[in-house]
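Listed below are the structures to be examined.
The same chain A turns up in both complexes below, where it pairs with chain B and then with chain C.
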Partner chain A sequence: MITWIGAATARIADEIGGIVVMTWQVLRAVIPPRVDTRELWKNLYKMGNRSVPIIVLTAFFAGGLMTLQTGPFVKRLGATAIAGWGAGYAILREIGPILIALMFSGRVGANNTAELATMTVTEQLDGLRALSIDPVQFLVVPRVIAMMIMLVALTVIGDLVALNGASVVGHWMLDIDWATMFHSFADNLKPHDFMHGIYKSFWFGGAIAVSSCYFGVTVKGGAVGVGRAVNASVVASAVSIMLLDFFITYLST
Partner chain B sequence: MTAAIRLDDVHKHYGRREVLAGVSLEVAPGTKLGLVGPAASGKSVLLKLVCGLEAADRGELHVLGESLGGKREAELGPIRRRIGMLFQNYALFDFLDVAGNVAFPLEQRGGLSAGQIAERVDARLRAVGLAGSEHKLPGELSGGMKKRAGIARATVADAELVIYDEPSAGLDPVTTQKIYDLLAADHARTGATVLAVSSDVVALARFVDEIAFLYRGQILYRGPAATIADAPDPIVRQFVRGELAGPLAEGTA
Partner chain C sequence: MITRFGQSLVDLSRGTRDLWQVYVSTLAGIIRRGRRPRGELARQMFAIGNRSLVFIIVTLGFIGMVMTYEACLQLSTVTGDFSQLGMQFIRLVVSDFGPTLTALMLATRVGAGIAAEIGSMKVTEQVDALRMSGVLPIDYLIVPRFLASIIMTLVLSVIGGTVMYLAGGLTAKYSFGVNPNLFFDLELLRLRHVGLFVVKALAYGAAIPIVAGFCGLRARGSSEGVGWATTAAVIGGSFAVIILDFVLSAAALFVFGGDL
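Then we have the complex of A and B:
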């Protein structure tokens, strides 16, 4: 048992150390910026544009769900003027950034790990190194930047769609009129509520990007290893999102 | 004359396993040396050491007149740019088409216009019999075509040292002969030093000048390729002739 705990602790410490080293390598590559712009644009498109439909769909229903959960209580208490505030506050500060980050991790992060891991096991990273190209600078840095930018952009879109979802559900299912919902949002939600969520999504993007790249480039063991790397990447991303969310919220309150 | 490759008592471990146990080897400029040996005898590791993709634990390693010992990744760049390498698994970049893969080393090295690069890529693809496949992705190619694309990429920059890791693995005898004819024609054109690893000793012996036999992490024999089947060492003879009975330890072949 003690051996098992020791081995597990050593493995986790090794992986955290590896992630820290990769973060340092990425920072060294972006200050001053030395980024392959072709790779960056390709990743911005692949990771951002193609994620919009799934983000829009989930954000709309998540927003609607917020109103559906809180609506009956605010109606019973006759406080429909704050129905939008309740839903909007939760969406902008917590539900929006977290839900979109988890969706992003599952779709983009997992795909990124699988892609890099496959390139690793088929010696493509060694192929780059043999041509004097640093795989971190060429492959990892554009992906990290693209993920951080695109998660912020998707969170902005997701927030707006979720607020619309909250309004639609409030109007059609709970008979709260459009104007009441709109004023509830406009009068009660502050810019820093929105920025709080955006700030979080920036760091969530960084965490997903670095973990998904790390597990991709350090994979061992062929096809089975690729599966394990994707699994580890999704778990590490989800845990990082929750820990970052807690500490950012704690430090900002 | 300075040797193109010089290894002096090179050791390499992976965990507790000693893969190379004091390898000493010299390859003269412009010559072709074949490296053979049972599976897991350290052939590919030796190639990666020569290319600077792995570092030796102990011993001296000089490539093209430069010592690789203690060099950091960035310092290896100028040496790697003088080496072309064909990987066992091709290592073709799956994010680029065939022409993109072959053009990649030239683009990264710089110094040539887009027109000059296109011209050289076109000439190389015609030489390896891949004219018309420029816009195919690696996933759309057969094993033989991937090898040809890998050879085109390894030789397009007219490297001083070309390393071939299993150039004929998985290919039928006719394609194997075509590949070796291609390598011979390329060597006749450039006069580069060649280090080739292959399990197909007969085909390899027709291409290289000398063959070295790597066994249990050491060079057991080195001699003319034409007489390898009559080598004085019984282990070498058994391996080359493919005989079941003999001193070659079970589990090493």
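Then we have the complex of A and C:
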């Protein structure tokens, strides 16, 4: 039992330490900004454009769910004018950024870990080092920048789609007027709420990027190791999304 | 353009059919009690349940704190009346957030684990070896994980929901001074909310291992294939949870006539 707790603590400390070291290396590599632009554009396209369909679908259903959850309560009170308040507020500040970040971590973060891990186990990273190209500089930095930019962009799209999903569900399932819903959004939601979610998603993007790259670069063993690395990367991303969400919300108010 | 669209449509329908086949053969495997290693169910329950316990407690605890904090913040600027907060929160946790967020977390943790394991067995040809020795891979690999996941998702949802509720109550008390007696009030909780909780947890618990096992069995090539299968399992699992949540919530709304 004690050995087990000790081993688990040592492993978690090892992972957190590795992620911090990776963050430091990324920061040091961007201080005079030297980014491989071709790699950056490739990653922006691959991570951003290719994720739009899944993000849009998720956001639509998430928005609909928020109306489904708050709608009956609002209707019982007979106050459909505040229907957009609960749903919109929850979408913009919490559910939108968190759900989109979770899907992004599954779609892009996991994919990124798998790709880097495959490169590591096939010794392509050692090949880069032999050519005196720093793998962090060449592979990790463009990915981190691309993920931070693209998660913000996808959250903007996703928030708007989720608000539309909320009004579609409100209209078809709860008989709330389109106009009532949109007036209710406009009256109760402030730009500040929207910016709060966007600000969070920027940091979520960084956390997903750094942990997915860390687990990709440090993988050991062949195919089994790659699977395990992807698993560890999505778990670390999910935990850091939740922790960051709490601390950003707590500190920024 | 049209070719590409048609191609992806064909792929999608073929994928759906294969997924359905995996589901049906899993159910058939349970009914016909196919061969599986002794003690495998207990081992899978340990791997899926106990190993995810800390993860679920940490993530759901923090999300419960954030949600109460945001709700309190909004209420304090608008009405300043916290009397409804706890009642509404437990209603939402039981009928939606508890099982759904637990399942979303499990879809990443458990779904990726199952896909990585089965995917590595597939690319190292262990699955073919099973088939050669006359054992159906679905009976041997997916059925125990399916049963273990159904049981453990329900158990973990109960634990996760409780943690979320308690963390919310503590946040409300220490950040906004809401009286715990007022917060921990179960007046609005009905039997139908608990029923919805159980139905959702069972549905998610069934969906996650099926999607993950399907992705694992489809893995091809070597390490790249395993990585791809794991990614697909995470995305498919999370997406299945969100769709099921939407469908079940909408169905409940119609069944209970808008009085959810």
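Keep this in mind: the second predicted complex is superposed on the first by the 252 of 253 C-alpha atoms of A that agree within 3 Å, B and C clash if a C-alpha of one lies under 4 Å from a C-alpha of the other, contacts with A are read in each partner's own complex, and residues count from 1 in each chain.
Here is the rule we go by: contacts are C-beta pairs under 8 Å (C-beta built on N, C-alpha and C of every residue); 3 or more make two chains touch, one makes a residue touch a chain.
These numbers were taken from a predicted model, which means no experiment stands behind them.
Participant: Examine A:G106 and indicate which partner it touches, taking first as chain B and second as chain C; both and neither are also allowed.
Facilitator: After superposition on chain A, A:G106 lies in contact with chain C alone.
Participant: Answer with first, second, both or neither: which of chain B and chain C does A:I198 touch in the superposed model?
Facilitator: neither
Participant: Once chain A of both complexes is superposed, is A:T122 in touch with chain B (first), chain C (second), both, or neither?
Facilitator: both
Participant: By residue count, which of the two partners contacts chain A more extensively, chain B or chain C?
Facilitator: The partner that reaches more residues of chain A in the superposed model: C.
Participant: Once the structures are superposed on A, label A:D134 by its partner contacts, choosing first (chain B), second (chain C), both or neither.
Facilitator: After superposition on chain A, A:D134 lies in contact with chain B alone.
Participant: Does chain B (first) or chain C (second) touch A:A81, or do both, or does neither?
Facilitator: neither
Participant: Taking the contacts chain A makes with chain B in one complex and with chain C in the other, which residues are shared?
Facilitator: 118, 122
Participant: For a test of understanding, state which residues of chain B touch chain A in their complex under the given definition.
Facilitator: 48, 51, 53, 73-74, 76-78, 80-81, 83, 85, 87-95, 104-105, 108
Participant: Applying the document's contact rule, which stretches of chain C touch chain A when the two form their complex?
Facilitator: Interface residues on the chain C side: 55, 58-59, 62-63, 65-67, 69-70, 73-74, 88, 92, 95-96, 104-105, 108-109, 112-113, 115-117, 119-120, 123-124, 222-231, 234-235, 238-239, 242-243, 245-246, 249-250, 253, 258-260.
Participant: Any idea which chain A residues touch chain C in the complex?
Facilitator: On the chain A side, the touching residues are 54, 57-58, 61-62, 64-65, 68-69, 72-73, 75-76, 89-90, 93-94, 98-99, 102-103, 105-107, 110-111, 113-115, 117-118, 121-122, 173-174, 222-231, 234-235, 237-239, 242-243, 245-246, 249-250, 253.
Participant: Can you list the chain A residues touching chain B in their complex?
Facilitator: 42, 118-119, 122-124, 126-134
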